[in-house]
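Structures follow.
The following pair of complexes shares a single chain, chain A, combined with chain B in the former and chain C in the latter.
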Partner chain A sequence: MDDYDDLILSELPNEELVPQMHDDLYDGLNEEVVEGVNILLERGWLPYRVLTEALVEGMRIVGIDFRDGILFVPEVLMSANAMKAGMTILKPLLIETGAPRMGKMVIGTVKGDIHDIGKNLVSMMMEGAGFEVVDLGINNPVENYLEAIETEDPDILGMSALLTTTMPYMKVVIDRLKELGIRDNLVVLVGGAPLNEEFARAIGADSYCRDAAIAVETAKEYMARKHNQLVAAG
Partner chain B sequence: MNLNCILDRQGWLLADGATATNLFNMGLEAGEAPEMLNVMDPAKVSKLYRNAVAAGAQLFLTNSFGSNRARLQLHNAADRSRELSKVAALLAREVADSSPELCIVAGSMGPSGEIMGPAGSLSHSDAVELFHEQATGLAEGGVDLLWIETMSSQEEFLAAAEGCRLAGLPWCGTMSFDTAGRTMMGISPPQLVDIAESVVPAPLAMGANCGSGISDLMQALIQICDARPSRPVIAKGNAGIPSFVEGRIHYAGSPEVMADYVELARNVGATIIGGCCGTTPRHVEKMRERLETAPMGAKPRLEEVIAKLGPLTYDNAPRTNRRRSRRRRSAGRRPARHN
Partner chain C sequence: MVVAEHSRTETFAMAEVHSPLQLSPATERLKGSPCERILLLACGALAREIIELKRINNWVHLDLHCLPAKLHLFPNQIPDAVEASVLKFRQHYDKIFVVYADCGTGGLLQDRCRKLGVEMIAGPHCYAFYEGLESFDSHQESELTSFYLTDFLVRQFEAFVIKPLGLDRFPELRDTYFGNYEKVVYLAQKDDAELEQEARRCAQFLGLEYERRVTGYGDLERVLSRLEP
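Right, the complex of A and B next:
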């Protein structure tokens, strides 16, 4: 086999192009992913279909191998960047075509913590799964979260911390939400290497998400539950 | 070098426990930079050091884990890296010099928090500069050696080592294996040995610190020792997994568990042994006592470690390789990363 033969994406039929795009996402190849997105759009695919069948499905595979300890952060970041490149094309089209929304998340790393690797992964994978994400960045005091909740009206609040010194700050934020009586309007997901489920429960979060793939699964579950409740109530 | 003096004499050396956990217990607030205490409340930092030494630590880390420019930026103190590092070291020097027992001051250097390599934005030269600046401050304050810790990427580990070389001090280096038996960036324990052995000048010692549960650290330690490094091996594990009790972070590992851990770690082949997050002076005392009294034993298998210290926090089953891409690459294209 000649390893140095290049593929011509535009010559592939859809049923080969889409799995090839999954591979290219897996390998973090920005240009190829962008090319694939453009080809599918030219072939008349709706943006939402390109998003779900090509990008979201590709990132789901990346997520599985990340969860299973086969891929690590550098590879996933490359994949997420490729996904982002594809999203740059799709985003305006999705808004134009009124594609269904999964839900909205406000996410940020807590005060004192510089670490944004995990948070960025969650942010990108959530976008990859069709969520709207408002990323507050790093080092957020409680006021930042409150302001974003006020203006963005998210379904989900995500907080991240990687340090022993910053983990307790998540509780500061949740306690403040309780004081203001808005805690129960939100699903609060927390993440970060030193945390665990028990910790999440102790500080009053809804769930601990071990990694970005699990964050997406968890967010989807909560959104489905919320949807069912609305249907039941309506 | 005093480090080797102690190792030659005893065959092991007890390092200290946690920094942040113990500062919390003295009133550090969540979200605040521990390094600011070096100037805002130096008595607390001195007390942290004194407590470690009094409990029996023969090597302790300075309160400078995050005293690099990138991390201090968060607290609007980017330009105070050298100063805060120096003060951390000066306070430590004072404590070590007044200790009746020979005591080594190790200048702690944690990660920048930025990402390097193809997926990141921090360049090698910027990273070297940032670690060099921190190392210079620590050297000026009189540390005996530099202590690169909790690293996850090869690029950053090498940049930090380069910073140490430029500051003209010997160094030790540890990584944190917290993700499915590897570092967050995918470095395996044997890879750490290869990386560390390739650096000029070579580290005085290398090993594992922090991460997740203590058994996870022991598993990494076993793999490091199996790779037969030419230098002493360091183990600095957490006192269990954090939980939240009455508004404070609490680590589940008791002093007895940590005493079991140091004994097992020494039997595996580590010679520089201490604790990380959650390890208080009470733990350190028991750890010293155990090292003093327990005879050297047979090298334990992982099963024995798990029976004594608790289960691994991840599934240790052999992993499949990453998917093979169907793409055939044109010449000059970035090859896929393979494990």
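Right, the complex of A and C next:
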């Protein structure tokens, strides 16, 4: 539509610009999302506010429509790419200006598996939610997880697998954590297309996360519980 | 998000290509039939190959009913779909054999088949049984970055790869999906020059190297041949 083409983001007041950014994120329009982020920053918004109100809220809407079968994987990936473009601007600013820190997560795709789309989405959404994320990438043997746990001291360990043949490796990692006596120091979240809750229980994970939005919610719940326990203990 | 993170294995059994094959009413077929009747309850992605095997081997005792190949888009729906068909057809057959491998169900299909008392084909997916489970297992690690195609997927590349992944609408997503892959390995059931050319085009489209192996029907033929009347 011509009207849409002629839309000048910088002329929109904040209360119209932010919903417009949600729409642009929904439509996977990188340039428009980046432009919107820059406009809000120029107007004096704190980076954390831009992140939460414009980007994370936009992705929340995308997540709902994905869950409801209105959006599909390609559309979600386009939206995620647009969010990533916006995050690229915000990330250094967030470090400078500070943002609430929810917790720290080490995440990686397990050994024998090179699939990372879901894992990458989880990483991005977790960062958006205020988690520090250490992403180990793909095809991780147990040693990689152990080393990252030792050096990063995360609150949460996330493991991802797409293949029926690789998902049992998650148990190898969890069993090793048990042997070392550090399993209970961590919340272990697992995800990937062939997984289910029963499998997660069977291998000794804390939770199975069906999608990235659920991973964020679950991680937040565990962190809130941990916080409450610390408060109670203190 | 549940990313049907499409893989060298589970990914690309996606959109439906074959309609479920129409069977003549099973009760009719059974009238006066002197031998054991067996129903192959199969993935639509195997329809052409099973029909060919039936023809070559004159397996007249095997009937075929296919479920939509697009079920692979939602592997968690496969066990229910298989169960519904088993319950629908079991009264008309002496035996039902499920021609699915695990196919991304994470063991749920195997559990369901066990509960239903029906057998299924072994292995993680059709790539493995076409090549032969032992052979496939032996190079799993070295072929971590291989993306497999079969005759079916070469024929239906657009319907089962390009469109479901949205590459027709968002070609820029190609490397998001395939960036970690290095090579297309075409496991050919038939030694067919046209399919070979098409497979090469698929590899080119994905920006990957190309290799072809003529596997024939592998374990699929061996397993079905044991279903004696």
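Everything below uses one rule, namely that the second predicted complex is superposed on the first by the 230 of 234 C-alpha atoms of A that agree within 3 Å, B and C clash if a C-alpha of one lies under 4 Å from a C-alpha of the other, contacts with A are read in each partner's own complex, and residues count from 1 in each chain.
Here is the rule we use: a residue touches a chain if its C-beta (ideal position, glycine included) is under 8 Å from a C-beta of that chain, and two chains touch if they have at least 3 such contacts.
Note that the structure is a prediction, hence the values are computed from the model and not measured.
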After the alignment on chain A, I want to confirm one thing: do chain B and chain C clash, or do they fit together?
clash
Can A:134 be said to touch chain B (first), chain C (second), both, or neither?
neither
Considering only the touch criterion stated at the top, classify A:34 as touching first (chain B), second (chain C), both, or neither.
neither
Counting only touches as set out at the top, which of chain B and chain C does A:63 meet: first, second, both, neither?
second
Check the residue A:182 against both partner chains and state whether it touches chain B (first), chain C (second), both, or neither.
neither
What is the contact status of A:172 with respect to chain B (first) and chain C (second): first, second, both, or neither?
first
In the overlay, answer first, second, both or neither for which of chain B and chain C A:192 touches.
second
May I ask you to decide whether A:89 touches chain B, chain C, both, or neither, giving the answer as first, second, both or neither?
neither
Tell me the contact category for A:20 with respect to chain B and chain C: first, second, both or neither.
first
Considering only touches as defined above, state whether A:213 meets chain B (first), chain C (second), both or neither.
second
Output the chain A positions appearing in both contact lists, the one against chain B and the one against chain C.
28, 72-75, 77-78, 81, 112-117, 138-139, 163-165, 167, 193-196, 199
Where on chain A does chain C make contact in their complex?
28, 63, 66-67, 72-78, 81, 112-118, 121, 138-139, 162-165, 167, 192-196, 199, 210-213
Seen from chain C, its contact residues with chain A in the complex are 1-5, 7, 9-10, 75-76, 102, 104-108, 124-125, 140-141, 144-145, 165-167, 169-170, 172-173, 176-177, 180-181
Spell out the residues on chain A that touch chain B in their complex, using ranges where they run on.
1-7, 19-20, 23-24, 26-29, 32, 61, 65, 68-75, 77-78, 81, 110-117, 138-139, 141, 163-169, 171-172, 193-196, 198-199, 202-203
Report the residues of chain B in contact with chain A in the complex, numbered from low to high.
18, 20-21, 24, 28, 30-34, 70-71, 73-75, 113-115, 117-120, 152-153, 178-186, 212, 241-245, 247-249, 277-278, 314-315, 319-323, 325-331, 334, 336-337, 339
